[in-house]
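Each in structure tokens, the structures are laid out below.
Two complexes follow with chain A in common, the first pairing it with chain B and the second with chain C.
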Partner chain A sequence: MSVHGSIPVLQIGSTLLASIQVELRDTIADAFQEDILDTIAKTGATGLVIDITGLDMVDSYVARVLANTGRMATLMGTDTVVVGMRPVVAATLVRMGFRMEGVKTALNVDAGLALVSDLLARRHGG
Partner chain B sequence: MPLQYYMEKLHLDEAELQSRRDFFEITPEDLQRLASLRSFAEKHTDVIIEDLYQLILGHPEAKKQFTDHSTLVRVKRAQRDYFLGLFSGTCDLAYVQDRLRIGVAHERVGIPPKWYLGAYARYLRSITDLISIEFGDRNDARAAYQSIEKLVAFDMALAMDTYMAAQLDALARHQAAIRELSTPVIRLYHRVLLLPLIGTIDTHRADQLMEAVLMKVVEEQANVIIIDIAGVPVVDTRVADHLLKTTEAVRLLGAQTILSGISPTIAKTIVNLGMNISAMHTKSRLADALELAFEIVGKRVTPLMKTSVSLEAAQE
Partner chain C sequence: MDIRSSEKLVVASEDDVVLARRKVRLLAETLGFDQFAIAAITTTASELSRNIWVHAAKGSVLVEHIVNGSRTGIRAEFRDQGPGVAEIDRVLAGGYSTANSLGLGVSGSRRLVDEFRIETTVGQGTVVTVVKWKRAT
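Right after this comes the complex of A and B.
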């Protein structure tokens, strides 16, 4: 079975929602990044919410892939928000000295979706 | 703490019991000999217990443990059972439980080990005297005395273990209490938390602090946490670094941090040390931090009436 598609990317209006529920091994992480960018290219989505509530462990590679995916999506004109990071994951990343600079965050999917539409409105407004 | 708790804490199962019996060299012959001494013990119990209480009551400090007569009567009965227990001819788990019960009871009412050990030493002296009177044959007397001594030592080891386990428990409880006190994350308002920091922040505390903050932010789904450092005596590079890390971790969760209570001294230190804490919202007063926090959650503090505004202005 291909690792592609193991994390479904859902489209809600002009926003994409990906909820990671599997252990993010390196190959899956890479495939996930490709899936996301392809979907953005196909749909022209303006927002992307990545829910990582299901991740209870994140190593530096996966963290980098996640952060980079966000930056790449932003480059393609899609506001990206990472939501639902667990306390232990946040603590680990910070202790490793890993900074997810340029990646927006929110407490949960709901707040993430709100932030994305907020950013979109601001973009149109200004 | 219940008896079963200590049985488990001290890993007192059949294997441990066997190991203890082996080390104290308690043999089936010893137990048999003790059982055969039962009638001898029963005959002299009252004298021996009375003897013990002469010792206790003659000691001003030890005497304090027995303030009223009813306690004394109750304890005497317990002592009697305890003493005769030595001559039950058993040293199994039931026996151990029985012995632990006394240790636990002593610990609970705060009888320190010295009284326990002193009292047991008195038992031994009384018994030696009685044995030398009772047994003409010196070999018999010696064998009897040695068997008793083995079991007494066995009992003492159990009592000491119980004392120590209880002490360690108390210590662990206190440490937990201090840990909790050192990171009091308070829910100030819907989605607004406050962490007032008081005292020195070392690496250990900083770690706990970060964990407590992160857990609470997720638990309360808070949008903002105010960390007030007015009570922190020294903010050096290390403390600032910890605060920055916590801020970044809070941001990763999707919330924000406001640092308040920045005194002129702290502001000077931060700038002079060349630390960049621009990633954090900073305020000198907690009140200002609170206003900013309200703003973040979409609320505002406004005066009730115009008159109160002029009053406030007049006061300032």
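Right after this comes the complex of A and C.
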């Protein structure tokens, strides 16, 4: 396990699991994005699950950082799933007109881990 | 309309943005807003106080508990003496950004509150006032 700033990143097989449990201010969100991409490069992870269960508010800045992190990781070849979005967060983002384009989401960590392993199997023609 | 409480915060740093949204969340929780309304007004406070910090570097947020007849609400005023917004129509339409953002801060906030007013003058600053009413139970 490595700790990036205040957001721990766990490695489970070839998948990274980052669980955001702190209130995200802009600089922490930016640092998280850099750290997660560095960690992908170092570990060669094939999957990334970002758990945002701990976030009771996601504003447009944090939403953009999360979506961009997912798109960047995907560009690097790492399937990314954002999981655990609370109902109030989903409702707020949709009402604001935000689209999480290019990023897969799942209900919780279990579903997210299952989805990244499905995506990896599909890539290998499984 | 009665103003039951009023508190002013200076916004001059990222920490102040966090404090401003916490202040608004605490008031909404104290007044018994439902969780969707709490998220809406907290997110609005985050967007609009960040705009002060990013675009004007410094400003203030006035957070008020207001009562109008049987209605209870939160009014928040975000005031800065920054550059102002030249293309206000495009900003209100959404998707237009002068800084590194989604351009959804102002247009998105407008959709999250019950009343929204923006007054801006290029070179003089911007004042955004929002009201969120507590849903009748």
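Here are some notes:
Keep this in mind: the second predicted complex is superposed on the first by the 121 of 126 C-alpha atoms of A that agree within 3 Å, B and C clash if a C-alpha of one lies under 4 Å from a C-alpha of the other, contacts with A are read in each partner's own complex, and residues count from 1 in each chain.
Definition applied: a contact is a pair of C-beta atoms (placed from the backbone, for glycine too) under 8 Å apart; a residue touches a chain by one contact, two chains touch by 3 or more.
Keep in mind that this is a model prediction, so the values were computed, not measured.
Shared-chain residue A:R95: touches chain B and chain C both. With both structures placed on the common chain, the touch criterion links A:G125 to neither chain B nor chain C. By the touch criterion stated above, A:M85 is placed in contact with chain B alone, chain C being left untouched.
Looking at the shared chain after the overlay, A:A111 reaches chain B, while chain C stays out of its contact range.
Of the two partner chains, chain C is the only one that A:R64 touches; chain B does not reach it. Under the contact criterion defined above, the residues of chain A that touch both chain B in one complex and chain C in the other are 88-89, 91, 95.
Those residues of chain A that touch chain C in the complex are listed here as 23, 25-27, 56-61, 63-64, 88-89, 91-92, 95-98. Chain C makes touch with chain A in their complex at residues 14-15, 17-18, 21, 25, 35-36, 38-40, 42-43, 46-47, 50, 94-95, 101-102, 104-105, 107-109, 111-112.
Every residue of chain A that touches chain B in the complex is listed here, in rising order: 81-91, 93-95, 99-100, 105-108, 111-112.
Of all the residues in chain B, the ones that touch chain A in their complex are 210-211, 214-215, 217-218, 221-223, 245-246, 248-255.
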